[in-house]
């Protein structure tokens, strides 16, 4: 979505919520502060001029390079990036929200990063958040039913993290 | 007891003698009716499941029905025996119909009881105990 | 639960009470369209709650995508919606092309339309036949498969595969059509057209079929939008949205110059509905019948598009163009693209760090969102309605579980 | 006691059967079938008492009642027999099993009876049986084997009797006029009774419950609002250059 | 046959009767088992044709004749599974109960005049009653399987079959009323002659009620679109989900047996039974009583007639099954209680009134206003009924509507009266 005007409206309505934006990208995006995410989403759905009434997709990108040689060359700090693709059925426009989270909460490995759940804003986000939790390990605070969805309930680890290692065996089934 | 022991052989001999070759009479049917009736009574007394009691009642009614039909049967009438004629069959019919009605109501009561008490154990139905 | 008294407004029904029962429908069940498991909480025949459990077909396609080049991942998209693999190939190719800002030749563009719309017909035929199966009639299923076989024959002739084609690829298509293909395709369309009336007679207008589907599983447009439903499921609720018209320019440009009307009910009418059976009186917009009917209309719409694309493709004398190298580097950045697949809007999201292998690959499945709404639709329905509702969503587990 | 009765009857059966094992030519098929049906009926009736599982009880009861229907056929009461099959076995017992399933908490319902109850009931039952058997054998004419009679079919007379016209010959010694009234009144009473029972049972068995909101009740409102919202959004979104669409 | 064995072969009487009974039982069993084999093959072929494919083509020659036999052998060889937690005895017995019910009903079904296992005075009633027992095997199977899907199937079957017995009974009562007898042989005999004598064409009401009967019969034998108990898309396989091998096949033999039975019953009740549409035998001068061989020949033709009609009914059921979707359970009950029952009741009343107004049916009654009208009970001089007889009405041309009565030949001897004593009957 290109439109500095819209961004200004958002900043006016929710000061401090926007952490950054890039409107000249292929898919223009707005970076939102993690703690303001739910507010922003609620505003986008209910208050904004363009009602973003559908959530299409939630993606978690694990920015982490397990290979130390390559890791030396990368320009970014390791973090988890959440990407929300929203869609307005009414005006047929889309918007991309990005949220940057630490890879682990408080940088303690094993502690999942937390962000507010938008399942209360769009009911359709429920399964998407469950999938992100399941595969990428992000804890959505306030989600009504945050369980694994694609992997079995007793699966360990979050497969889409870059440092994920497949278990040697699962219930007697060889993994590697 | 003594009486029965004395009576049984005397009456049972003609009964069982040639059981396969001689035609059966009303008494044969009465024996079946008696067994069904007794089984029903015992069933009613014994079962704690309301539906079991219901089945006992069905058996009792059925035992009675056997007698009615036997008494009315044109095939079984021995010489000199009185026959109920058609009446016996019609009464049996009514018994069957009323048994169906009774079963429906009893079942409804059982279901109601089950809804309220979550059991069909009739020993638990003691709300009205004085 | 507080006891109810007779004049309590909460009591609406008086009925024989039965115990609640948890029933597993699936993962091995004839009408769950693959390995879907629905846990039903039932009171007698009435279903009070349905909880779908998915993941039985999870193959970590996204993780695999992080280890392959963009073109190498094409066969994995085949296996998502294996009933419309052509459309899956197209979606991923377009997403990559969007990030690469690559323009395919005009000839390839028309060929892509032709192939994608044929794929849509094939997918809807399966959807229709399987829906009949869900409602207990077997014959339409075979009628549908008979025609689908012919499409698969055509596909086989074009690319050598019958199910997992990998035909449309980044930068164009793997091969041009063989000689005489277009004529065979036209022959197929000519003989297929009257058969659609047969389907309408067997299903759409069949009294029992209408009774089983009309006013069942009614989904309001608000609900459909909130759950991110798409495709015929969304249009069946009366929402006028079709990515072929409303999508991003790289996708809509494909259909530029094509005449088609989105199959959605407007002012009580479907486009060109005089040629098709009337909407039954007891059908409510958003119910199973409408979802089914939208699919049937889209078959006709796709046939129309195929005819148009055949003409354009035949008229287009330019080169088809070569697909990009298998190890083509992708510029850094990210791109998200949704295409209109037969089951709904299939989104592909690609994050690249500048190498040939994407950093992150994401497939947004339409059936995933469409299935998520099941528990809303099935609340209070009968057991027999559950297959009817799930069938009307026309899901494919390969796409949901990825 | 019961065992004693059974043992004595068994021994008598054995002793009496032996002499007639030779002349099988005189087998009376009516008697053979009677024995068959009677044995099944009695054995299953006893099995009903002994079984603990309600569904098995119902199963034995079905066999018992069906065999009794066979006895009715043998006794020439074909209509009653068919009625027994249809109403009792096909209707009442199906209803019973239905009730069992509606009230089943565990997969197999079995409420055990205590063994002291069993002994007590067995004694009482045996006493009752003894009395009944005695009564059965007491009346001389009943014990006489039947005169083989070819009986007229009873279905039509029963039908006529239920409609108030007696067409069968009256029993011996009864004045013809006394039985002419038939069974119209009882028939009507039973009909009304059945109707009342039907209503009453339906009323009794109902349970109150909250209605689960059906999807159809929260059904689709029209498309109108969305379309309007779209128009509104279109105009207000003019500030934006949408990323998609045209 | 027993007479033949005793007199000609010289068997002792008890052996002769036993052999006769076993032969009769074997014949009926053959009708069911052999019929099931043929019908399953036919169903495959018909389904295949309806669905634009070939069906079995190789097993046993050109048309796959032996396909069902091969299937039967396969089923025999299959492992007989029983789920853990099932009630073993009931689980094992249930298929046989179903089959027995289906089998027993054939006892009273006449295949031709006197070609009947046991001619019962209440034949119709017996057949319908015994057919209703089949549900018990299904219920037990569903219950004993310890599977929720089976239980659902059983409950549906119980609700459905018990409900459909009501309209089915009403439909069956109409021919009984017209024939004045519940004896299937008598009902069949009454429709002898040309096809215009069939009760199907008796009057408009019987024509309608025939189709109600067809609906109810399809429902009561659990065939599509009423196959709720085994609805494979909802209940996996319903009551026989847990069955395999031979036990499973017994359910199917029972199903095909019942299908044939209700079709044959329809033929006897409405379509003239063993009487062909054109009385070929009569036209050829062959009729009952011409001689033993002729009798046998005529009956054989009649038997073929009935089997043909019943097969047509079975084929109709197959056609319906492969064409229509399945109804939902509430719709099935609605069909029964809101449509079939009232229609059947109204048609019953209509047929009754028609019989009063135009006795003898639409063709006979209108073309032959005088002559034989109907049978009834005759009143003797003392006002007491004296026996069965035929009520006559003098021809309208004679200008009199007086009712006369003539006792039937056998009734005369039975009641010990002759026609002179019989006077008028209530009009």
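By written order: A, B, C, D and E. Residues from 1 in each chain.
Keep in mind that, in the parts below, contacts are C-beta pairs under 8 Å (C-beta built on N, C-alpha and C of every residue); 3 or more make two chains touch, one makes a residue touch a chain.
Bear in mind the structure is a predicted one, so any value in this text is a computation, not a measurement.
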For this session: Give the fewest steps needed to get from subunit B to subunit D, where each step moves from one chain to a chain it touches.
Result: 1
Problem set entry | Chain located farthest away, centre of subunit B as origin (C-alpha) | A
Exercise. What is the distance, in whole Å, between the centres of subunit B and subunit E, each centre taken as the mean of its C-alpha atoms?
Worked result: 33
Problem set entry | Centroid spacing, where centroids are CA-atom means, of subunit C and subunit E in whole angstrom | 49
Exercise. Any idea how many Å lie between the Cα centroids of subunit A and subunit D?
Worked result: 65
For this session: With chain centres taken as the means of their Cα atoms, state the distance from subunit A to subunit E in Å.
Result: 69
Exercise. What are the residue numbers in subunit E that touch two or more other chains?
Worked result: 155
Problem set entry | subunit D residues counted as touching two or more neighbouring chains | 27, 79, 83, 91, 93, 95, 98, 102, 105, 152, 154, 166, 205, 207, 226, 243-245
Exercise. Taking each residue of subunit C in turn, which ones touch at least two of the other chains?
Worked result: 16-17, 222, 225, 239, 246
For this session: Within their complex, state which residues of subunit E touch subunit C.
Result: 47, 50-53, 148-149, 152, 155-156, 224-225, 227-228, 231-236, 322-331
For this session: Can you check the complex and tell me which residues of subunit D touch subunit B?
Result: 1, 5, 8-9, 12-13, 16-17, 19-20, 23, 26-28, 30-32, 34-35, 38, 41-42, 45-46, 48-49, 54, 57-58, 61, 64-65, 68, 71-72, 74-77, 79-80, 83-84, 87-88, 91-93, 95-96, 98-100, 102-103, 105, 109, 111, 113, 117-118, 121-122, 124-126, 128-130, 132-137, 141-149, 151-152, 154, 157-158, 161-162, 166, 168-173, 179, 183, 186, 190, 193-194, 197-198, 200-205, 207
Seminar exercise, completed: Within the complex, subunit D is touched by subunit B residues 1, 3-5, 7-9, 11-43, 45-49, 51-52, 54-56, 58-59, 62, 65-66, 69-70, 72-90, 92-94, 96-105, 107-112, 114-115, 118-121
For this session: Provide the residue numbers of subunit C that touch subunit E in the complex, in ascending order.
Result: 21, 23, 29-31, 44-45, 132-139, 142-143, 146, 202-203, 206, 208-209, 211-212, 382-387
Seminar exercise, completed: Listed in rising order, subunit D residues that touch subunit E in their complex are 24-25, 27, 29, 53, 55-56, 59, 62, 66, 78-79, 81-83, 85-86, 89-91, 93-95, 97-98, 101, 107-108, 152-156, 160, 165-167, 176, 180
